[in-house]
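Listed next: structures, encoded as structure tokens.
Here subunit A shows up in two complexes: once beside subunit B, once beside subunit C.
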Partner chain A sequence: MRTHKVFIVLTFIAAWEVVAVLVNSRFLPSPLLVGATFWGLLSSGALLQHAAVSLARVMAGFLLAIAVGLPLGVLMGWSPKMENFSVIIEMLRPIPPLAWIPLAMLWFGIGFQSKAFIIFIGALFPILSNALLGVRETEPYLVEAGKVLGASDSQILQTIILPNSFPSILEGLRIGLGIAWMCLVAAELTGLKTPLGLGYLIMEARDLGRADTVMAGMIAIGVIGYVMNIALKWMENRLVRWKP
Partner chain B sequence: MKKISCLLLVILMMGCLSQQERGIQSIDDLNGKTIAIPGKATVQDFLLQRFLKDNNITATTVIVKPPEMIQTLESGGIDAFIAWEPYPGRAVVEGGHSLLVTSQDIWPHHPCCVVAVREEFLAEDRDVVLAVLACHMRATTFILENPQEAVRIGVDFTGMSEEVISQAMQTIEYVYEPNYSGIKEYLDQLLDMEYVNPSDVGEVDTFLSKFINSQLIEEAATYSCSNLDKTIRIGYLRADLHQLALFVALDQGYFDEFGLTVELYVFSAGPEEMDAFGSQDIDMGYLGIAPATTKRLNLGIPIVILAGVNNEGSALVVS
Partner chain C sequence: MITLDHVDKTIGELPVLEAVSLRVRKGQFVCLVGPSGCGKTTLLKCIAGLRTYQGEIRIDERLSQGVNPMIGYVFQEFSLFPFLTVGGNMEFGLKIQKVPRKERNDIVRSLIDLFLLQGFETAYPHELSGGMQKKVAIARALATDPEILLMDEPFVSLDAQTRNMLQKELLRIWQKTHKTILFVTHNVDEAVFLADKVMVLTRRPATIKSEFPIDLERERDRTSSEFVSVRKEILRELEEEYVEQVDKGYKGI
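After this line comes the complex of A and B, so read on.
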């Protein structure tokens, strides 16, 4: 299985190399050149610096989205009164996070907060919806059984509903993190107070007409996104092993 | 109680005073500050780096789109910005901000925007190129001879007030001759800044003799034709008052006289416009010489510089 994957990646790179040689244009740098640029950025420490700043922005927005989205989602799934608020959520949800960029810049300037805000908006809705869904999909007979046995509301929530909706919540976190990471790069493509971040690296390289650096930045984003996804999947598997 | 209120008042006043002290009043105050540019490898990036180097100042540069610069300055996100007119003019007239230096102070009569053409298009449609250049020359002369009327057209083009445009136009020199020695100076500094590679440039004069074509503008001076019946796709930068000649030519119907239909394409900064040249989405364009040179070399986008558009016309704004 693993050799298969390696083979596929190598074939992809080989095909890219062939196309790059055939096209022979600076618009499509070869994997060798991109690899060299990537290595140059990595060994100079610049890439790690950009990545660290980007990750900090993502984590701030993502954690905020968890802090707001999880309780809100659980509450909306739990209480029929709160569920009526979902109309607002449903109206806000289709707005692409990037459409918030002009407002984010007006409200929070070009610093850390505006980036975190965009990421927060991006990650909030999947986290909230999945928490809501998880709570709502808890089998009613489980809740009924709890009630019959004299459990209080908070006991039902803690011992029945939350564990039951855990897989769905984790799935929401995974999707949320993926979207957060995507939003970050776009948010960094606009104004920035600190000239760092993988999105910024790409934008700068674009202005200078360095397609190899653009691709090196894209690869860094891809690798980090891939690793984060694997980490969350691993966590999911460990935490909800009991769930079929 | 009185004592406490007095103490509070004193603290408040000291706070206000120290706030005022933090403002930028001299060039040296820029040390360690954050300054916004419209993009890497733009004329403004180039001018700022030259200015910082000449004055031995270290500052952080960040990229902010010109329409958002004033608002970002006011919200405290940046300490200063350098932009093309009319943004500095607008900052002065509407925001009460001040110009710390104009680009004239940094480099007197420096070239800025130019008219460029795709090499392939020039080979195929030389007549159209000549006609556009003729319109450009005529429009530039019009601006110099009818400044009042030019302000009106500038107001229409940028959507800014007459006061802003009048103030902004004072710092712009409208020209049409391509400035060979000025462009050479740009290239030398771009090499110094390591924005372009010496191996791509080769021998500087050989490169420039291909990159700049000064003959066509002379030919265009006497060019006449009334029924070209062609469409030309021209790129320009959003609300860049340097490029007023393009809008004067449209307003005065110069293109119509040659039987030309103009399709306009707007960009936020020169590097973006160069990408459109690369993808062959535009045939000719008004843009800064710095991004034109940088991307001509780094991406090998085949364009030729045919005319100047303006000298000077940028400024460093502080609040």
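After this line comes the complex of A and C, so read on.
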């Protein structure tokens, strides 16, 4: 299976090379050139600097989304009264995070806060609704089992409902982080105060007509997103050994 | 001792229990049999303090008010906490009661021995067979040493062999711990094998239809003529409830 996949990837790169040679345009650089550009950006440290700034923006919005989304989701899943508020969530949820960009720019300008806000919006809904579902779908007999063993309501929440919803909560974090990452790059494309970030790198390269740098930046974005996802999956498997 | 005096329970508009009166003496093993959907689970949950009701329920002469540490409960469902190990499940109630760790460990160890679960202390529920999960659920209920054990069709979803084995094990544990047990089932064979006294419930709304003291010597032989004849008698009582249900056009559950 593995060799199979490697073969497919190599074929794809070879086909790209062939097409690039045939088309012979500076807007379709060959994979070799993109690779060389990528390596250049990496070894000069520029790529890492851009990536670090982008990651910092993501983490700010993501942590804020956790701080707001987790307690809210748990509360809404736990209390039938609070659950009525999910109407508002359902109304806001279908709006794509990127549609918030203009409003974010009006409210926060084009600086850090504006990016963090977009990411916050993108990550909030999966985090909130996975926490809500995890809590709400805790089987009633687990709660009753806690009750007959003498647990109070808050003990039931802490020692039964939260651990039982943990896999769902983690899943929400993973999805939220993925969306946050995608939102960030898009938000960076719309303008920045500080000339740093992977989105900025791409836009600047476009202005210079450097398709190879654009592609190198795209690859960096893809790789980082992929690694974050794998890392969180790995964490999930380590932390939730009790799942069948 | 458990005493119920004219206990009524209505869920929404649906009368589920009607004037249920019964008594389980200290150390007695009583089985309740009744058709599916008649209100057996509801009755047990009322006694456990998990449901409201009208009428009187007394535990050792004292009026029951809410959940009672003297009562252990084994659910009809596979109700172990999936995120806790076997040991973690067993000590849950002890932790709530703030029993110190050393004492908890001792209790868990003795329960592991009592239930022949050596080697599984750190296993998670999903790694256990259905029969073992049921044993852990019983052990979890016994950990805090309640005087009374309420059991809701604990062996219903197991194969016949496992079921028979667990029935014997339960009797062994009962004889060793002298608990008062109220055991719900819709399986008459199981009831006659286990109980000092079998009470038959009517179809919904449930009320006590009849009582059968089972004076057979333990360990009981399911094929003995006495066993078979009591079984037949109880089965006839129970079948009346099913027949009437069909006659009246109920769908049953």
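One rule holds for everything that comes next: the second predicted complex is superposed on the first by the 236 of 244 C-alpha atoms of A that agree within 3 Å, B and C clash if a C-alpha of one lies under 4 Å from a C-alpha of the other, contacts with A are read in each partner's own complex, and residues count from 1 in each chain.
Please note the rule applied: contacts are C-beta pairs under 8 Å (C-beta built on N, C-alpha and C of every residue); 3 or more make two chains touch, one makes a residue touch a chain.
Since the model is a prediction, treat every value here as computed from it, not as a measurement.
Asker: Please work out whether A:R210 is in contact with subunit B alone, subunit C alone, both, or neither, and reply first, second, both or neither.
Answerer: Only subunit B; A:R210 stays clear of subunit C.
Asker: In the overlaid three-chain picture, which partner chain does A:F166 touch, first (subunit B) or second (subunit C), both, or neither?
Answerer: second
Asker: Touching residues of subunit A toward subunit B in the complex: what are they?
Answerer: By the definition above, subunit A touches subunit B via 25-27, 105-106, 109-111, 190-195, 200, 203-204, 206-211.
Asker: In their complex, what parts of subunit B are in touch with subunit A?
Answerer: 34, 36, 39-42, 60-65, 68, 71-72, 75-78, 195, 269, 271, 274-275, 278, 291, 294-295, 297-301
Asker: Over in the complex, which subunit A residues touch subunit C? Could you list them?
Answerer: 139, 141-142, 144-151, 155, 159-160, 163-164, 166, 241-244
Asker: Sort out for me which residues of subunit C touch subunit A in the complex.
Answerer: Listed in rising order, the residues are 45, 48-50, 67, 69, 71-73, 75, 77, 79, 81-85, 92-93, 95-97, 124-126, 140-141, 144.
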